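Some notes on the structure that comes next.
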């Protein structure tokens, strides 16, 4: 469990790490904004102590510790609570729960494991880039959510580029893993969707909340974030439709191949089966078969068989099977 | 029919069972909260007597006795009425109707058959664990609903783990029961969905109700429960999509196998049918077949046949059938 | 056309039939509630006369006479108008239109043909069972609607039991009528749905109406009826999903059978076609075929053919076709 | 372009046609209601002049002239504007745009080409049938819309009767046009739906509009019309489901036929291929084939072949292929 | 990057281009309306300078520069911001982002690359056609959006005409690219839909906004534009359904062809396989085969074979396979 605190106001900013929670809390910024970051959820006593100090509701503590929690945003008497899922851009679609407790002058962020999602924000604070030092705790919470949502687009882009590749694989007869791989992609999209959709609601809740903890100047930022989430959600739906299209191509191409196999079988069989019957006739051992002695019988039979074969080929050509 | 009553207030708690309803009612807690639990619905006179004592509407009595009732929450003049379905975690997806009548200081819970869904709550009351003794009847009703909803996740987990197993069965040609078993799973999910969806509405109703029987401090708990139910509902939908994916894998794999069977048939047939025709030709008994006497005719015919076979194999290789 | 009138108040109740409308109207209850029932819609003069007496809007008269009317509930200045479809429980999904005109002290019910849907209500009134005599015309209208909705569950149960039977038929290869019969069932469900869905809206309209003709004490009854209709509607949707599942079983089982037929054909063909080629070779009549004279040639050929057959069988076993 | 005007009030009614717009406008009824009908949209100067006289917004003029306009209802300062599609009951699903401009005392109707949709309304006005002469311009507009919607049911009935016919065609193997014809029907339904759905919105708009141009007494009529449009919309959806069912029957029946073809091929092939192998064996010309000289060899071979054939037939019977 | 400005008021209009932004801004119309058009987004300093002058929020600047932005409409303190996608009618479905900043007397439009979408509007302003010079900046913004939406119909018409062509290709067995081409069309429609749907919301937002920057006289124009966008959206949905229909035709026609191939194979095979068996029988070399010496045996065998063939043909005719 890593504990760190960043304090800032328009005039300055500093960052501290601490071994114990009480040491950390001693650093808390009196005048400006404090950002407490907790990496790892294994020490519940630390979290319970935090809950006591910041008057966090027992339900919120449960939600922070239950990493299967559905993304949501709620207002309590003393703070806003927001929980959402970050996606690890380096790994194979690995989600991690981020929880935010936003009071008037403090943001407490909880991560499941140490990560560098928020390094960009930390740099902006410490280097006084952009407007962040002049804004309140609500803006910091917005920046954190924004950083999480930005990662969704990275993962969606990587999933999306996979779809194009599947378009070629869909018509490759030898690709035995096609169906399993594309179902895997569909399941990944399903998982991303489960993370994005409730977030959309959360943003709506935040925008409608009229909490005194969300200042009027944050409104355009929340709207913008909401639009980004909508776009991610629409991208997921578009990908699902594209995948459905790829599967239709695959189905159609399998059906086509089957048709071709059948046609070759039918053509060869229907040409040779009657001919084989004819040669069978003159392989019979009847004593009285006058044709057998007729001198030109053999070439005549060849001629008849050639006629049958040519007739068959014409028939197939007419039906456009060849 | 089992009758039991638990009384509690912040200072203490006790539990009694009784043979008759009137004995039970004599135990009713005057100052604190009473929880009356009725196991079994067969003695309608007991329930009618209860209805008289607590001024329960005849429609509510009907709803309690009709175990096919749809989950719902309603406010009457003297009480809240909530009915929902509990799932028996030990059995094979076996639902049981739980009805709650919540007055200002009493919760009456009706179960179809004796069960131990609520033992955890009873222990918390008797051992004074958590906040339950300090809260009202509304909080007790919330705890009961929460206990019921928790079981949904147990059953959903067990259904969900079944889906993964089906992913392997989907490509197993010899699995004759696959389609019946997966349809069974789909039907089970359908049944769970029918239980969860109306509950979502019930929670919305309770949250919007603005009843004096639901105190303001219960709001975050109801929201949390609502979120849990939403999550269960989303899990059901996700499972349904996963099952659809598994069935697509199965369909595709059946189609693939069919293609392979056809290819083998076609390859063998198209190679040997022309060769069989050729050997048939030289099995004819015509008197005048000059080739028959030619000394090298036999090896030449073998050579021609070998050429045809090799040609066919090259043709199939080119088409990627082999 | 049958005309009847029931009059009641908390003190008493009576029933009269009449040959003409004016005779019927002379019986109208001055103090209490009157229920006029008209069986058959063929005599439009009677209905027009009723419309005149009760100030029924010409649109309502049209709606009563047009038996293809969509279920609906509307408030007019002098009455509520409700129309819905009753299902005849004895016949093969036969719907009949019931129209209700509800004034302050009178319910006029119109049926397409004489039927006994409402005998239970009549008995309750005449025997003073339950609360009906103490309630107003709105409660009577509710009881009539409730009686109609109860029949939906009878018909839904009978349709539902049909689905289970189809689950067995879905895998029976010889059942040629399966697809037609299941489509028939789907069409029946479609018809039931068309009757139930608008009724849901009607109930919502009635509940939101805030008409002085609907007393506050009716509210829980309307809610209960609304829940029943919702449950019927959900049952229809569940049945539709079950049918879709049964059709998937059927499709999959047809596909499976096809696969099995193909496998048998392929196994037999691929074993014997090469063998037939070999015996054809030694049936050729070339003069110079040294093998023919070799004494052990015949058993050797048998041995080779046995080897080929065994090799093929091993190949099929490996591919799990046998 | 045909110009006509009908004037009426409770006391009387008259109809005039005119060669020019100004002549027509000179007939305008001062006290009562005027109905101006314009057949044909080719003379835009006439329409522009009308727009000037009745202060019609330029957007409305554009909408009247653009016959690809989506059905809609809008209120402007001086008039209501309603546009909808009439269907020509005599032709092959041929739509025509009808636009209505409704002022306080005038209805101007625009048709694409001369037609007789509204002759019934004209007769009612001139013969003083029903309430039309006593009502305002809003009622006249309602009657016109009602006449248009009535035609939808004619066309829907004719499309619906087509579906039943398709149910028989779905199982007819020789019907090569089935799929094209049913797709044609689906496209027709799609076109009807595109006409009906926006009309539903239009009616909702009109009902919610609270315009002073729509009198309170019109409300039940608009509701009734709204219900009719809803019913037409539901009929379209039902037809679409029925068609989906018919296509499932067709697919299943094609699949069944394929199965039967395959079974016959498999039965014949698997019986005769082994027998042909056996007779091939004894057609070989080896010098040392002891069976050939054995006197009962021939009938024994026949016996063996008969046993094989019978065995095969039993095998097929057991598998229920015969 | 091209900079241009158009100034106008009811009295006059002029157009200027400028090399630098400050030169451009010096031309700004003091009394009337100014329209600043920026072609190309590569010089972010110009855009930042503009943002400073017109007090444009940093989020808006980001949205202008991010060409993957979702269409939206937002109100800020000093301006309205609208972003939408224009479709290049000459190219292959090539979208370009158009952003509009609308202040009280100025419209600033940003295009990704130089284009002639708005030449028509420019001409109307300079030639004083229609009402544009008499209206405010809001009307100019409407005209620009209207011009963009008009192009959607051009592209939709061109996509729609492609569908009809596919209807013929769907039944052409030799068309190997059918499935890929139709999936391409579906993807194009998907892209158009992603552009149109959010625009619908944008218009709703603008109509509900009650901004002082949108005058009451603009309302009918916005409604009209909203209707146009709805119609485009409905057209997309209709096309998607038509494409689904075409794919059903294709599937059915592939299935039909397969059936026909199978039938020919089955007919030829089932006729000749038994006959080939018979001739094989009399090709056997048994010493004791009494039939062989019988003088009429040969013609009798021919007769039997003819009977079998005729019997088979009758069987096939009866089954309607021929």
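Structure notes:
Residue numbering begins at 1 within each chain, and the chains themselves are lettered A, B, C, D and E in the order written.
Rule of thumb we're sticking to: a contact is a pair of C-beta atoms (placed from the backbone, for glycine too) under 8 Å apart; a residue touches a chain by one contact, two chains touch by 3 or more.
Please read these numbers as outputs of a predicted model, since none were measured by experiment.
Traced through touching neighbours, the fewest hops from chain A to chain E number 1. Mean C-alpha positions place chain A and chain C at a centre distance of 40 Å.
Separating the CA-averaged centres of chain C and chain D is a span of 25 Å.
Counting only residues that touch two or more partner chains, chain A has 258, 262, 265, 269, 273, 276, 280, 283-285, 289. With chains as nodes and touching pairs as edges, the resulting graph is a single ring in which every chain has exactly two contacts.
Listing every chain once round the ring, from chain D with chain E next, yields D, E, A, B, C.
Within the complex formed with chain D, the chain C residues making contact are 57-59, 62-63, 68, 70, 72, 74, 76, 173-174, 176, 179-180, 183, 186-187, 190, 194, 198, 247, 250-251, 254, 257-258, 260-262, 264-265, 268-269, 272-273, 275-276, 279-280, 282-285, 289, 291-293, 295-298, 301.
Chain A makes touch with chain E in their complex at residues 131, 171, 220-221, 223-224, 227, 230-231, 234, 238, 241-242, 245-246, 248-249, 252-253, 255-256, 258-259, 262-263, 265-266, 269-270, 273-274, 276-277, 280-281, 283-289, 319-321.
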